[in-house]
Each structure stands twice: as C-alpha cells, then as structure tokens.
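When the chains are written out, they are named A, B, C, D and E in that same order, and each has its own residue count from 1.
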C-alpha cells in the first residue's frame, strides 16, 4: 500500500543515497528550511565536483514534523531500511528520539543536537556510529560568558540576570553560564525559567529592573518569544545594561527582526558558523547565488560541513556502503571545514575551541549580526546601543 | 355565524394550495394536496397523527420545501419565498411542538414574536391582548420558557404567533396538552381571532373539537386530502 | 370516606387494599413558586388513579417526584411502606415503579424491540436469563401491539408508535405501579379508545396499579377508579369520577362550564 | 445470528450499527492482517502498520466514550500520554520489568480515567468536552513542573527498555515482533470494545443513556455507574495503547501532547465516523496510512490532509462508516431477497 | 508600588487583547454551538493579510489597512459558514461534524500560511511608537492603544448583542432554530453574519497583536487555547462572561508570573478553570440549566 512513500524509488546503482530527517512542517519548519537548503547545496557541489568516489550523491528528505518519537522511528525505517541510505545527516533530530531510532542501525549519522543528555545517551547506549558535530550546551554557556567578559566592555556592576526556556538545552546552558559568572565574582541576581507560551513579561521585567543588573541574558529557543521579551524590555530598559539574546538571535526565524533593525545592539551567539576568510566568503556567495539571500549564521555552514566531512570519510574508507569503515574514518579524521577543524572526541562530539570549531558572539549592528568574538578571538568592538545609554 | 355563511366566491381567496407533494428525503408525505382558504375564513384540517397535517402547515408557511405543485397567497406564488418574507406578509405558523426559546423569559419570547416590522408595529397592543387572553402568562412573564408546564407552553406558543400580527394564522393542534377549560378558551380565542378578521388554518386530530367553530373542514389521510365542503349549515345546527 | 369507599374500587379486596404508595405533606419548590404544596394522599394498590387539573397545577411535577426524577423539597414518600424520597431515579424502577413521559422518549438509535428489551434488561433488580428476557419482551410487544414492528428502527416511528414503545419498555420492567403522563395527548378518537382498552387490559390482566395524568377527562373518567384534582400544587379533591365531573369547583377551575355544566 | 440472539445480545445501537461486521468476518480480517505480516518485509511498511494498530486502539477506545456513550471526552490523548509516561517512569525510575510496568500503567490510566470521570458527571454536556480538553492542555505544563518526580520535563524520558517475554525481545528494530504484538493487542482491544462490551448489557446501557438519559433512568439504568464504567474502560484501553507506544518508540516526550497528535486522532474519528463501528477503526488505518503516503508532499502534507478532511466531511458527513453501511445494507437486502 | 502597577497594567493590556479573540470564539459558539477550532488559524490569517496590506507589499497606512481588512475578513467568515458549515447543519450529530470541519480548516489555513509566507516569523512595526508613563509606570504607547481599541471593540459588540434586535435574533437562533424561523428570523443570515463577525474580531486581534508577537504559521494556537480557556471560564456563549474571564485571567497571569514564576501560568489558569467548572458547571456568567419540568 505504502509504496512510493519516499521520493526517489528510481535510483541507479552508481548513486550513493543519503537521508536527511528534518522538520519540514510544524513549529521547527523554519530551521528545517535552512537545513534542507544547506544539505542540497552541499550535495550539489559534491556532485558537480564529480561526486564521491565517482558516484553521484542523492539525498532524500523525510519530514519529522513535530519531532514526536514515532516520526523518528518512521524516519529510520524509511530512510535506512527502505531508502537504503548510507548516511544520515540533520541539524537536529528531535533531541533524543533520534538516538534510539538510528543507533541500532549502524549507519553513520551526524547531527547537531548539542545536548549533554543526548550525547550521554549516545554513549550509554553504546552507539558507535552517531556523531554530534558540535559541542554541548554546557560548554557554550561557559564559553559565552567568557566571551562577554572578554569583550573589554566596562560593566557598571557585576550582576547578571538570566531568563531561560524550559528545555534542558536552555537550562543547561544558562546554568553553566551562571557558574562561569559566579566563578568570576559575578552575582546571579535572577535565573528564571519561562514556558514557551509566555507573552506576559511585565512581571519578569519588573524583577529585572528591580535588580538593576549589568548583563541581561535571555536563552529561549524561540524567536517569537525572545522578540516579545526584547520589545517589552525596550519600553523601559535598565540603563547601562547589556542584553544578550543567546542562540535565538542567530536562528533563521530571527532574521527578519534583525534585518528590520528592531533589535539593534542586542548580543547573540551561535555554536558554529562559517569562519571569515576566503572559504567563508565563497560559501556566502555560493549561497546567495543559489537562494538569493545571505545564509543565516546558524545551521547553514554547519550542515554544509557535516555532509562534506562524511564525503571525505567515504573517500578514506573507499566505500560508502562499508559503514564500519566510514565510521572509523569519521572518528579518526580531522576535517578542515567552513566552521573550523572538525575532530570528534571519545564522546563523539566536537569540543569547541579556537583550534577546533569556535563559538560566535555577535552584536546586532546596522540590521545585521556582526561577530564580536569568534572563540577567544576578538573580531569586532562592542557598541553601547542608544536605548541602553 | 354571518362570517361563516359567506362563501369564498364573495370574499377573495387568500390561500390556495395547488396539488403539492412533499417529501422527507425519500419519504413521500403529501400526495398532491390541494386546499383553499378564503379571506377571513376559518378552515380546519383533521386527520390521524402521522398523516401529514403538520407537514402541510409547514409547507404552507415555507418551513419545509415543496417538491411539486404550487402555493398561492393573496394571488401570488409563495413557493420559493423565504419564511421571513411570509411572516412579514402575515403568514404565521404556530407549531404543535411549540418551538419556544427555552432560556428566554415568557416576555422575551413574546417580544420576539414581534421581531419583524409588521409585528413591531403593534407590539404593545398585541402584548396587552395576549396577557388578557392568558393571565397565566402575565403572572409568569419573567419565568424561563423551559420551565413552563405543558399547557403554559402551548399558551405562549399561540401568544407568540399573535405577536406577529398575522393575516393568516396556521395553528397546529392547539388543544394539545390543554386542560378542557383552556381548550374551550383556546377555541374561543381562535373563533374570536377569526371574527376580528384573521384568516385561520387550523389543524386538529378530530373534528369533534373544532366542529363548532370552523367554516369548512378538510380531512387528511395518509397524505391525501378530501372534503372541504362549506359547513355553515352544520355549524349553525351545532349551536342550537 | 365511608361513602366514597362504598362506591369506588370495584372489589372488596381493593377497598381494603393497603396503599402501594403514600405521600405525606410532599412539597416541591421552584424558586419562589410552590409547584407542589403539602400534598398528602395514598395510591391504593390495584387501582387506576386519574390525576387531572389545570395546566401548571403540578401534575408532571408530582409524577417526577413520585418517580424520583425530582427530589421533594419537603415531605415523605413511601412505597409499600418503605421510605423512598431520597433514592436516585433508577432505584425506583427496581422497586417496581415505572413511568412514561409527557413528551415521548425513546432510544432512537435502537430497533423497537431493543428499546423494549432495554426495559427488561435493567428494570428488575436481579438479572434475568436471556430466555426470560425474551419472553418478557415478546409479551410487552404483544400486549402493546408492536409485535409486527419489532424490527423497525425506533428513530422513524410516529407519535403513536413512540407512545407504544415507551409503554412497552416500561412494562418490560415488570412494574407494580406505573405512572403515565398524558398518555392520550395527541391521539385522535380511535387511538384514544385503543389506549384506554390497553390500560384496562394491563390493569385487569396484570393487576397493575396505574396513575394516569390526563386532560382528556371523559376518557380519564371512564378509565379511573378515583380521580385526583390538583390545583396550584394542592389537592382540590379526590373522588369517584362521576362525583368529580359534577363537582362545581372542578367545573369552575378545570372543566369549564360549556361541556360539563 | 439467530433472531433471538439478535434481540438478546443487546447490540449497541442495534444491528444497523454493526451491519456487515459479524464475528467471523472480523477475525477473518484480523487473519488477513496476520498473513500480511509474513509477506511484508519492508520495515517502513511494518512500522506504519504497527502505528495503525496502536491508533486503532486509541480510536476505538475514544469511540466508546465519544461515539457510543455520548460522553464528550477530549482527554483521550492525555490518557494515552499518561499510559506512556506511567510505564516509562516505572521502568526507568523504579526498574520495574516492562511487562509488569505495562500492566501497572494500564491500571494507573484506568484509575486516572476514573478520577477525571467523577467531576465530569457533575457537568452538563458540552462542559464535559471543555473540562476534559482543559485537562489535556494542563498536561505539558504539569509534566514540566513535576520534573522532580522524574517525568523528564520537556526533554521527556529516553531509553524505555524493550518488552521481553518467552525469551523474545521487542526492540525498536524487531519490527516483525512488534507487528504481531501490536496486531494482537489491537485485535483483542477492538474485539472486546465492539463485540463484547458494546454488545453486552453494559453497552446497551451506554447507548440508552446517550439516546435519552431520562428514559434510561426511568427503566432502571444507573447513569452514574455506567458513565463511569464507559470512561474507565476507555481509559484502560487507551492507557494500554500508550504504554505499548512508549516501549515501541522507547522514548516518551511531551511532544505526544502537541497539536498534531490530537488533531490526527480527531481526524481519524471524523473520517471514520463516530458511534458506528467500524468507522473509527477504518479512520485510524486510513489517516495513518494517508499521513505516510503524503510524506512525499513534504511541506504540503498537512495542507492536503486538511483538505481531505474537509472534503470527506462535506461529502459524507457520517464518515467512511456510512459507505460501509450502505454496502452492507445492500448485502443484507440481497440476502433477504434470496431467502424469499 | 510602581512594580505592582506595572504588573497589573501588563495583565490588563494582555487581557484586553485576549478578550477580542475570546469574544469572537464565544459568539460563534453561542449561536451555532460550534467550537471553531480554526479560530486561531484565522487569527494568524488575519495577521498575514494585514501584513500584506501594510509592510508586506501594499504599504497601506494603518487606518486604510483596517478598512480593507474588515470586509475581507468578513467575507472569509461568511464563505466558511456558507460553504463548510451550512451543508452540515441539521445533519446527524452535526455539531461534532461541524467542529471537525473547522479542525480540518485549521490544518488547511496553518499549512497554507506556512507555504505562502514561509516558516520564518514575520515582524510587524508597531503602528504607534514610543512610550507613555502612567502613574510613574512606563509602558509602550502601542500597548495602551491596543488596550483602548480592544475595550472599544468589545464594548461595541456588547451593545450590539444586547441592545439591538440583531443581538436578540442571535440569541433566539441559538436556542431554537425552527422557532427563530417561525418568527421570521433569517437563520442562515444570522449564522453567516456571526461567523463573519467572529472572523473579523479574531483577524483584527491578529492585526493588533502582530506588532507585539511575531506572525508565524503556528502562532494562532497559543491565543486560541487561551481564548478557549477564557470562553469556558466565562461561560459558553456569554460574551460578557468571556470579557470578565479575560480580565480575571489576565490579572491572575500577571500576578502569577510576578509571584510564582512564569512556568506556573498555564497550570494556575487551568486549575482556576477546573475549580470554576466544579463550583459553577455553567461557567462564571453562563446561563444555568434549571431542572426541566414535565
């Protein structure tokens, strides 16, 4: 009955099939869109360059919509058992359900969940073929605070107020951030969790104004929510305080807000992005040519790298279908990509560092994100926004 | 009496139903039914239940679609007219199952009877009239219709009909659930309505009840109509 | 009392008969309105008790109280000597009290026969064997003249059939006492006769006690042993039909002069 | 069926509602699916059918309250989630062996159903719907707040262990195993609901109360008892389905309380037709399979699904069941003709 | 003190916004007894249409956009009612089927919006910039404007429903359709009109709120669910109740966020709801069903 449930049934023997479980519908569709573009672009470029080991690469996308567990089961069954994919790639695969779904398959799978608990599960389940092509939230929390501290900005005091969403990613990241702050003699005047349906920020904003912090950090993986917070905050901001919108500031869904200059001066971060330099610029041009828009900082270069790293691994392994060999290659290789040098550690993740894959700290400036810090490297100057003066 | 002895030819025909058929989905209820009601006449339709009396009245008042045949009201076809147009022109239906507004008070129910311009014109007078007819309703003005007793509900139903200032009132089994004394009152009311110039098409189970007041009677059996002869003579006999 | 008992009730047995149900100062209040006002009377076992009275007198309310649909605001209600006032509606059936409704009620998604079977399935306190149930259903269908329509879907039944179904289901519960709320309303002459005959049969054949609320007074009079006239929630009179029909007060408030004076 | 059976095995809603779904017919259908299981090798197809079976249980259980007992219960997915969470927490936090955990979870869900039903019986018709839907809405925030109790919060619970019995292990990859496990569970649940409960005295009471509560009470039906019973039975099956789901996907997250999940479940009933077996069950199959067939459509999937729902409802408001009935009524007519 | 005021004001501003959405939902429920699951999706659609009218493409000024928006929304509503709901009405258990159709419609609208406008959330400029200060509380002028507009809309609606004959007709239709026809009310027109009106209301809410929240394809569900709770709490079909409930919950929310933390909002909302339903099964101001006679 269900024959034809996936796109390409007509696949010649000399193509390598890869599968991409991504959210094309539902609340995560905006990220899913970027993942799709990035993967398509990578595959296109590979094929233009003669494919991998002379074989063309063919990608199948599978909508994992709202990321509910059975969808990932379906994805695994569809892409691997029936789609015969030799490689699974995604931006994020549901923060958990993806592991039990793909782990037993033994097919190389690179994702970017960046979740401590997911990485722990990968290891506790003894998965040997799943890779997390970035670091985990805890590290980013610490790195981000170090970057803020290294800005060279004279904070009026050493108080930080934190608001974060209910996801472990958010709470984990902000916890690490708070620890880093206290370690450097800061006082965490507030660290409050908010649910995704929040629209009513008055109460929280009052508390913030009460505390008069020098640094306000909101970490919610939802552009809309972050935006409403900032909007209501701007009505009556704390003078002299720096505002950091965290990861949300760099997600595609936030792009228009930035482009319309509604959040000038706000800080933000991303786990990984194309490093400045010829390759990075080439990538941006390539993307603009393909989609006539500048690539978002998050997910674009990241997924481009994930695909290419696998391709490189296949070359070393000598065969895409020899999954063990490809996995081995992936584990051992250190891949020079757009986002840095990708080298997995024994936990199958990539510890962030200048040497490997540095995190970015941005400030919104002239309706665009300007990198201030890449890892520990200072790449731009913090400008005190007018509304904070 | 005088009214009843006058035959249609002298007064104009107000309503003339011509050979109509009515269905409920595939259920054929009325088979080529025809009847005539003259200006100011009081015409009865009797028949056992389930034989289509209510359906006939509903068809006349535009509440159920007519499959074939035609209905003329004041000389023009009303087959395709909307119910509100008909009410606005004084063609009003009083249902056997009352169809009151359960969560509104007795008063609100009555006022809604005068919803269209026609009724609104004489809202206050009609209201007073209804309350003299049925003091019980006056007492219960603020009670919710859903809590009325069977009979009270029946009174309210007729009262609401009167509020629309009807020219032709189609009344469906008004005696239903009424105490004998009230049945009399009800029938007297209807006779009086007729005398004040309202034309009436009255449906009842059995002739016995309405014998005394109707000018003519039709009999409806299994969707087929018969009778309709002038009953003036007989009516007089009754009253001696 | 003496005089009354002489004429009423057909057999000596019935005259002596203990009350099957007794009401003692039963009242039902709806907000400001006293729908029932301190009613006290007995229903004798084996009799046919007619109840009439002006619209809004409280007849349906009385039935609802006697069958547990409404709880009396005050007063005591006993069935075969047992106090039943507080019980939930469905217990009354188990005791042997059944009823029909002024607006016919049926289970529209079931067949006629299933409607009736439902009464047999749940009416008795102890479950019956399916054989016994079948017999009951057949009997109830037969006595109400539904046997031929047993297979038909109840949803499309006309008024008469609906009334029959409702009654048959009530009978299938094997009641001792049945309350009927305006069973004849909406029926024409012949149909009324059919139903009256049916009630007589139930009464004589099954020795059922019937309480009939009805506005069709002549039919009621010729059916009942006694008639209770309710007025504004109070008992106006409780007497033999003939007497009641001649009672000036009754004529005045209820019957109306024209047909009964 | 003999005439007397027909009367006495009080079929809910009468023979018409169960037309063309005699017991042998039913088991034959199950048998066909069982055979199909041996032929199907594509694990994706297997997966989809496993989902169908699990959804059948949910839909049937829902049909019991919503369709037959006429209780507007919208806490169905909440109960499903309860079953899933119960077993996940029992196995992960308390190391209860899966089979025991599933049984416990089923019981717990049934109790939860009872707890929800009690207040519902005080409410009038539509308010039951709103009350129960409110409970559905309350679940995710409560799960997050009860994180301390080991609900796993927004993250959910990962690595629910596979079911093991008779030395068989039902891991995520053992699709064949799951196929038969789910098929058995569904076949039994659906059978119990439609052929045992609804054809019994109890089922008769449900329908009677739905059609006319006053009349039903006057015939001695204990409204309180039977409404409660309907709710608990439905919750029981639902909880069972939820527990199985948890072990099948080995993950439980609040995502199952998201929009898409409950919407799909409602759509199943909408397309299938409520209160008219086998509507709900057909609905479960059609919608689940349709939803997968539409994968190609990518972004357009839900759009098309929505359009289909609207069209189905406009063209056959009584759902697929009505077609089914027409067909079987014809069969019936034909049969009676033959007799004459 | 100022903080307290800030919180209170925030609550009120929020409540006003909700009440427009809730009243629309309640209106349709009150007349057609259909719970319109597409209400949230229509809210989003309204927002997208106004986006097209203003910043998106046509760049109309606000007042003009509103003038264009209202008829569009109204005709959408009428179309939905006539094409999707009317055919079902009167059919076997049509209330359930009608509800399900609106559900299907919600799917369609959500995903149509996703496809047409993309998943990326769209910001709308506030039509009034800057802030004002009331009793030392600084609030954005726009939120004040929203509050006022919302109150005006809701007040107008109240008058419309309770003081006009139309309002009467609406209530009559809600209680007995055939009865309403008998007294000469054009039932279909009433249904169409109320549905159109409710779409206008929710769509306007979409326009008013999109500068405060972003516009995104799924963005309608949050407001819908809150409106839903409000409608239930206020009593089905009672607009006045809905308004009362909106403000009540708005304030509760504000206080909860301030005192307990935001993650308690939804639980507290729903617990309140469940309690109210227990104590008053017909909602705060809903009409009570007194026990029926006979």
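FYI, contacts are C-beta pairs under 8 Å (C-beta built on N, C-alpha and C of every residue); 3 or more make two chains touch, one makes a residue touch a chain.
Chains and their UniProt names: B = ABC transporter ATP-binding protein; C = ATP-binding cassette domain-containing protein; D, E = Branched-chain amino acid ABC transporter permease.
As the structure is a prediction and not an experimental result, all values here were calculated from the model.
Contacts with chain A and chain B are shared by E. Note on connectivity: the fewest chain-to-chain touch steps from chain D to chain E number 1.
Of the two chain pairs examined here, B-C and A-D, the one linked by more C-beta pairs in contact is A-D. Inter-chain centre distance (chain B to chain D, centres taken as mean C-alpha positions): 51 Å. Note on chain placement: the centre of chain C and the centre of chain D lie 43 Å apart, centres being C-alpha means.
Averaged C-alpha coordinates put the centre of chain A at 77 Å from the centre of chain C. Looking at chain B, one finds that residues 147-150 touch two or more other chains. Touching of two or more other chains is recorded for residues 30, 60, 101-102 of chain C. Multi-chain contact residues of chain D (touching two or more other chains): 141, 144, 259, 275, 299, 301-302.
Every residue of chain E that touches chain D in the complex is listed here, in rising order: 33, 35, 84, 87-88, 91-94, 96-97, 100-101, 103-112, 114-115, 218, 221, 225, 228-229, 232, 236, 263-267, 270-271, 273-274, 277-278, 281-283, 289.
By the touch criterion given at the top, residues 30, 33, 52-57, 60, 102, 158-160, 182, 185-191, 215, 217, 253-256, 258-260 of chain C touch chain B in their complex. Within the complex, the chain A residues that touch chain D are 1-2, 4-7, 24-26, 29, 61-63, 65-70, 72-74, 76-78, 81-82, 95-97, 99-101, 104-105, 117, 121, 124-125, 166-168, 195. Taken in their complex, chain D has these residues touching chain E: 66, 119, 122-124, 126-127, 129-131, 133-135, 137-138, 140-142, 144-145, 259, 263, 266-267, 269-270, 274-275, 299-303, 305-310, 313-314, 317-318. Residue ranges of chain B in contact with chain E, taken from their complex: 61, 63, 82-84, 86-88, 92-95, 98-104, 108, 111-113, 115-116, 119, 144, 146-150, 160, 164.
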